[in-house]
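My structure is below; once you've seen it, I'll send some questions.
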């Protein structure tokens, strides 16, 4: 559970529920570790004065990798957290649907 | 000079020329260090089972940060490497213009 | 109802249900009419040999207008068609959630 | 020439020069006519209450078509207008490079 993050936007009512991504946690951790490594790789390319176009190619690759992580996280979230809340109905459903749309908007615009 | 990268797509004729981003190298290194830290932060959020929406917000932020690094690198490259090659004219100009357009295409599509 | 479109991907079970965008239909029609006019305007700019950068500015504006129509349609769809299906549960819910994610993926990648 | 557009951002010095897209004008006009038709098609789908997901699929297709028109226009512009200006050097080169980067930024962010 995520009681460790006081800035969490998650409503208290959900705090004891397992997040959609829980089942694939190990995969997500491995993907983010790889993305972190790619970012470090770009840092090294700049440090070694490598060619601009080669660096730009790597930056586009990391952006695509992040996009795919975001789409997978969103799918898990919609399939679990949002679907559960909609089944329960009421205010929680409303809140989850609005939250999901705001996340989709940020994703489309980033 | 980037003799250290055998996979570089840079044509030999350019290898002794300083890249456009050279003047802002320290800034680029600091930005990439921050992006690497943000990626590590997302890894920690997943590890701590934090809320999906909060993680998605961070992923969008890192994507935007990478987009801005890419746009700055592209501007430096066009203003220096591409402009120099176009001034010299001939095949090198053609090559640099094509390369820059391919990088822009990847950027727009990533 | 959309019985007029044999190619519709909508499952028969939904055909008699009003789509989420129904309440805002007039607005969507007006927005698409404007976008159609903008596309015609770009055609005219090209025909009149107008400046490339001015044309590119208009193309970016139409892309953004379409993006906002898509986000509004998606929100209406999720709030109505998807939410209704999830409340009913079963296979229909699964189908609607998968469909919505595929549409989001196309949107993020277009 | 584009003397017909008082709002043109093109500097007077360029007005008598043929734009990069001139050679492919017929193709661009045909592509924009098709995009206009697709926009009209989306208008009709909404008018006929067609399924949200089918409409979203068409909106993504039109966005992609516009993106490809923009990338082709940009390539023609860089290969001709920008390259010519850079060869001439001086203030005009500076102006064209800045203008091109601003257009690329709008394209990446739209």
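The chains carry the letters A, B, C and D, assigned in the order they are written, with residues numbered from 1 in each.
Note that in this section a residue touches a chain if its C-beta (ideal position, glycine included) is under 8 Å from a C-beta of that chain, and two chains touch if they have at least 3 such contacts.
The structure presented is a predicted model; accordingly, all values stated were derived computationally and were not measured.
Engineer: Quick check: how many Å separate the C-alpha centres of subunit B and subunit D?
Structural biologist: Roughly 24 Å, centre to centre.
Engineer: Averaging over Cα atoms per chain, report the distance between subunit B and subunit C in Å.
Structural biologist: 33
Engineer: Using the touch definition from the top, which residues of subunit B touch two or more other chains?
Structural biologist: 67, 70, 74, 100, 107, 109
Engineer: Make each chain a node and each touching pair an edge, then name the shape: line, ring, star, complete, other.
Structural biologist: ring
Engineer: Run through the chains and report each pair that touches.
Structural biologist: Per the contact definition above, the touching pairs are A-B, A-C, B-D, C-D.
Engineer: Write out the stretch or stretches of subunit C touching subunit A in their complex.
Structural biologist: 67, 70-71, 74-75, 78-79, 82-83, 86-87, 89, 93, 97, 100-101, 104-105, 107-109
Engineer: In their complex, what parts of subunit B are in touch with subunit A?
Structural biologist: Residues 1-2, 4-5, 7-10, 14, 18-22, 25, 28-29, 32-33, 35-36, 39-40, 42-43, 45-57, 59-64, 66-67, 69-70, 73-74, 76-77, 81, 99-100, 102-103, 106-107, 109-110 of subunit B touch subunit A in their complex.
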